[in-house]
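First chain A sits with chain B, and in the next complex the same chain sits with chain C.
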Partner chain A sequence: MSEKKKIVIAEDDSSLQLLLKFRFEEEGYDVFTASDGERALELIDSKLPDLIISDIMMPIYNGLEVVNKIRSRNNNTPIIMLSNAGQEEMVLKAFHIGADDFLSKPFIINELLIRAKRILK
Partner chain B sequence: MEAFLGHIKEVLNFVYHNFLNETLVVQVVWVSIVLFFFTFIISLLVVVYYKRHRKKAKKEREKILKIYQPLIIKAIAGGDKALDHINVLSNQIKKVKHKKCHRNTILSIIIKLHRSLSDDLANNLEQIYILSELNKYSLKKLKNKSWNIKIEGIRELSQMNCIQSMSKHIVKMFTSKKEVLLFELRLAFLKNRGGEALNFVNNYKNDFNEWHQIEFMEMLFNLKGPTFEYIDNWLTSQNASINLFALKIVKSYSLIDKKNQIINLVKSKNFKVRREAIRVILKFKIKDAYPALLSAYEFNDNYFEKRRLLSALKTLDFENFENYILVEQQKLNQQFRYKTITIKS
Partner chain C sequence: MITNKILVIDDNVNLYRVIEAFFSPSYTKTIFSKSIDVIYEVINNKNEIINLIVVNNSCIENAKVNFYEIIKNSNHSNIKNIPILVTNANDLKLTDDKQFTYLKKSTPEIDILSQINTLILKNNCHVEHSLAINKTNVLFENSPLPLMLLDEKLDVKKTNKAFEKQVYTLHNDVLVNLLDLFHTDVNQIKADLKTAIIEKIEGLDLKVQIGSKPFSASFIFIYNDQQEFINTILVLQELELDSVQKFEKFNMQSFVNSSLIAIFKINTAGVILNWSLGAKNIFKFTKKDIVGKSFSTIVPNENTEQSKQIIQKIFSTQKEQHFSRVARRKDGTYVNVLLTFLPVKNEDGKVDGLYVIGKDTTHIKQLTDELNNYKYAIDKSIIVATIDRKGIIINVNDNFLNIYGCQEHDVVGKPFSVLKSDNINKPIYKSLFDTIESGKIWKGELFQKAKSGVEFCLDVTIVPFVDDQGVTVKHMLFCNDITQRKLLEDKEKENILMDKSLKMKDEFMANMSHEIRTPLNVILGYADLLLESEMENEQYKQISTIKKSSKLLLSIINDILDLSKLESGKIVLDDTAFDLKHLVLSVKDMLEIEANKKDLFFKVKIDNTIPKYVSSDATRIEQILVNIVNNAIKFTKIGYVKITVELESKDEHVARVVFKISDSGIGIPKDKIDTIFESFTQSSRYITREFGGTGLGLTIVKKLMDQLKGDISVTSTVGKGTEFKLVIPFEISNQEILAQNTTPLMASKNNTVDEPLNLNILLAEDNEFNQILAKTRLESWNCMVDIANNGLEAIEKLRVNDYHLILMDIQMPLLNGYDATKRIRSEFTCHKQEIPIIALTAHASNGDAKEAKKLGFNDYLFKPFNLKLLHARLKQYGAVTTALASEKADIQDDDIVNLVDFSYIESESLGHPNIIKMLIESFIREFELFISSAKQANIDQDWNGVYKAVHRIGPSISNFNIKNIKPYTIQLYEKSKEEQENDTYLSLITKAEEEFKKIKPIFQKKLNQLQTVI
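After this line comes the complex of A and B, so read on.
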């Protein structure tokens, strides 16, 4: 039996975090959640996920700082960023420092699932 | 017990008689001390009560959140069974919606999720909002005397795409003198009707401040392909804040065909407009702006603005005007040296 793929979700809105966890678990992934950048980095170090989904605006470390810290540790785990409308410049910066994909809020949850599946293939 | 009470009575009598025998100044000091002491005790009690109340409210909110968050999520992401879940949950919410803490917590879950989601899940959230009659409470807020509560109501209804239900109150609210309230209404209209709702900008005479501009831009980004029918008027408006807003739109939506109006803004009386116009010219590398920038450079006395203009000229066309730019740069450097020498001396 193949092992479940692991995903770390960093999102400070607890409702959205729970929804993403619920949907990804339904699809058969192992999901770990964090409400701030610091906790997300701890989870990434301890769980060694196959995919990271991170919001841009988060307490302690924001999404860009998280991406920067992950890449500076030579960790190449794919990262999908979630941004708000009007954060295009932040998204460009995120791509520049090593994010792999992004979705702008409000987003269609199935689109996020499809993108995650495509990256994890 | 009687002996104790008698003792206290004796002490009070002693204090009272001594107090009467004191001078007026000492009496005033004593009264002030006693008043201060009582005020301090009362304030302390109020703070303690308020803290405990807040802690209790927070605990209750967390409890409600734990119950309703998973229920709402299961209902909206329930797939084929979503409709049944929504109906059951809406009835459940109806029963508790009269409790303020329940209502506010559930509303905050629904609205925050709605901001992040689109498509079916967002529609499902809207259904819960209407079926559980939470929209009636948002409508009630519009009748409130406080403008901040009205704004809360407008935001909730606009977020949940229920702006049509506001129609009864809109005319009255548009007569308000509270500019913040009017802006919130305009934002709600922008979300609902798209670029058409920006028509108010045509005749706007007040300051369209930076914060409102950002809010409008954010709302515009959420719209699909907004059109700006009157942008020419905004770029030529006498209101500098409207020029700035128009330049933001030009920059974000790459409206390069408006280059003549942008070039004209280099001559604006407002420093911020001139600065922003130069930024837009540089972003789109509008070479036609060269004569306007050159003339602005020659007629300007401000050292820092001259520097900015020269740097723009250099970026736009250094090859053809190399000599002129180098000579002027040297002049400016010398001017700067004189300035620093004057300041130091």
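After this line comes the complex of A and C, so read on.
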């Protein structure tokens, strides 16, 4: 009996958040959602997820700050960034500070599911 | 040189030495002897002339011989006539013999000497006149006795030092009328003296009083050798009082020393002779000031002479007299005094003066005056009566007589109880008597009856008057007439009761209105439903009957409630503009069918001169016309019913319009015609039985006409017909009105009730039956119906869903229809804010129509629903919404559909309808939020805010790939990125909003579709 993998999704777009939660739950994950960076960090600290999916632009702390904070605590949980068009520079930066992967919007959720699966292996 | 020889017989030489020293040896020789026996020598020596013998009484008593006998038996003329002064006597009168003079023991030596002097002088008649006079002068002046010399006319010639001294101690005045000092009649004294002189009497002794002291006044007459009267010497000697006199004097002293009572004596001349302490206190004059002055001093406006006369008068009556008068004080001020004049008799029984006793009555006078003033004030202002212990009336004042309308003899002497009204309240009287009998004051209201029989009410205070022992002597009643006040009080009580009962009635009616109508509506609604379903003819007839009866019942209830409201004055007339012609025509439409059924000729003629739009209560006007026309049709078996509308008069603001409704009906009998407008009259009952109806219609019409300030009149002939004439003043309205808002009855002929409407409707209604009814009805018109049980639920539903319109019941729990609508109009944005809301109200107060519009309703419908009307309204307002949606663009439905692409969402949500629904709803919310926050940010010049808003909505627009909105949002995004002011922001936002309105129905549709699947 394998435990359910836990995922924290940090995304301020409510529609996307809803969709992602639905899809990942369909896949059998335990999903915890946050609409801002601060809440995301709280969830990460409390739920100790196996994977973090985070948007770059968010209120309070943005995606980069979240990555930074996590990595500086020596937390090596895999992180996938979601970016908008025109945020390439930020994406690169994210990689520099420790993000593992990224996906630019709009995307097919299936693709995200595949990447997630791969990282968690 | 004549020498006086004095023989002194005494047991010691002291007196002898004094005498010897006192009298000048030139004139007087004094011999001393210790024994009486020396008398023998004097007798025997004829040459020895003795002028005076001074003998000590103890020598006489101790002698072996009787001194008196020796003197009496002596032949010696000298001895017989020698004055003998007996000193140290026990009594002053041991013999009646005038030869002997007695002096008490311990008489001062000076007195003895002066007595000796007197006796010598008395005896010296043979002395030479001039010498005598000289001697007399010297002796006179030096005598220690007070002496006064009077001439032959008995006027005062001179007085000696002793006299002046004596009198000065009593009185400081000049010696002019000294004789006036005596408290006896001076003339009488003079007369007595004259008599004495004529009779050659040696002297006259009088008892006189100077001040308060008694004196012996001895008048000594002096004759010459020829026995001619020369002059008179008065010797004053103070008398000692005996013990009785002393005691009296002491008492008198205390009496006289009273500080509050003035006591003084006046003589017959009116002269004040003494003055007490009290007199000083009252009149302020001191003794010095006033003794010797006339009584007139203290009497204002009176002179001495006048006073004298008055005093004489009092003297003459010899009786005690009292005078209350104003007296004058020393300082000129006045004082009220009560004077008592007491005639005083002397020893001889003659009135020689008046004692005056005075009392200051100023204080008493003041009190009396004040009391009188009080009495007068009370007497004049209120009703006063005095009754004795037994309740008998002792006296009454004028006010009493006035109010009881009687004379004094009617009431005085009679018991007070004769005056009581027939409405006597025995308990009051019992407590009254108990109270006053226990000596307490009683206050209360009494009903009384006047002589004329008129009843009135008094506010009474009964006060007991007690004597010093605390025993009640009498009672006094002080009363005020409170009849008026009581009447007012009663009236007010009545008014309050009436108001209360009216209020209760209104509340009752209002409650009943709702309670009665609700079930009736249900009955009618279900009856209608049933009638639509398949059934046997018989059943159809039965249900029709149920419907008819229910309708009748409803109209009766409505009439009753209307009438009740009209009577309470609770009807508030509406004041909206409407098309008068249109209204009349719609009345015609309503009743045409009925008229046609009876084959009656039904014509309406409306004059062109009547104003197009008027401001009034259209519903009520319609009610009036329908009522009258209905009656006309009802009571006409054959012939016609005509309505004519004309203009009677018109000015700038008001047009008087005449409505004539005439028929060829059965007519109204003459004896009934006057009462047709009254409710529950015989004629109305008769009509009800024959022709049906409530019989209240005309009453309501009349009352409404009154409120509209119109006139209504009837002319009728039995068997021929009736004509009703109504004149109503209308305020002319110049406003253009939207037809949809004002026509009360928009029953268009082409309306087929079965036409499907295809609307999303939100029904807010709390009654379960009504919910089902309405839902069923609406669904039969192919509408989608959401139910909300109260205002809160309605708002919630509106938030989440979208509708074409809302049917909003007014009376709901938690949040009523009024408040829910208010909130919708304020809390929502975009089209939801303006969603058409139709109020559902019971046929209640007319204020609702106006209120409805004010509060945000677009229209209102009465329950139970008139199906035609309901359908029409729904169509009307449903069209508005859909019209808005497809306002500008001539876009076909297909085109619009292509603007939104659901494929991404559908595939990403794996086709789950719930998820898709949630996403669509979420998007709609988010977009509306975007519009409002972007607009607000623009107003606030918060360019960053604008950017953020459009940034947020961007992905969603992409998700649905909304083609018509995308360009605007992209533009807005690009521009607002600069975070600078740009006047294009608003127009872009607005454009996006407009485009959204266009495609929103697509989402709506989608949701509906999903709904069916879920």
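Going forward, the second predicted complex is superposed on the first by the 121 of 121 C-alpha atoms of A that agree within 3 Å, B and C clash if a C-alpha of one lies under 4 Å from a C-alpha of the other, contacts with A are read in each partner's own complex, and residues count from 1 in each chain.
As a working rule, a contact is a pair of C-beta atoms (placed from the backbone, for glycine too) under 8 Å apart; a residue touches a chain by one contact, two chains touch by 3 or more.
On a predicted model such as this, the values are computed, not experimentally measured, just so you know.
Clashing of chain B with chain C is the outcome of superposition onto chain A.
Looking at the shared chain after the overlay, A:R23 reaches both chain B and chain C. When the shared chain is aligned, chain B and chain C each come close enough to touch A:P106. Annotation: chain B segment clashing with chain C after superposition, chosen from 1-9, 19-27, 127-135 or 253-261, is 127-135. Taken together, the two structures place residues 13-16, 18-19, 22-23, 26, 105-106, 108-109 of chain A in contact with chain B in one case and with chain C in the other.
Taken together, the chain A residues at the contact with chain B in this complex read 13-16, 18-19, 22-23, 26, 82, 84-86, 105-110. The touching residues of chain C, counted against chain A in their complex, run 904, 908-910, 912, 915, 918-919, 922-923, 926, 952, 955-956, 958-959. Every residue of chain B that touches chain A in the complex is listed here, in rising order: 65, 69-70, 72-74, 76-77, 109, 112-119, 121-122, 214, 217-218, 221-222. Put simply, chain A touches chain C in their complex at residues 12-16, 18-19, 22-23, 26, 105-106, 108-109.
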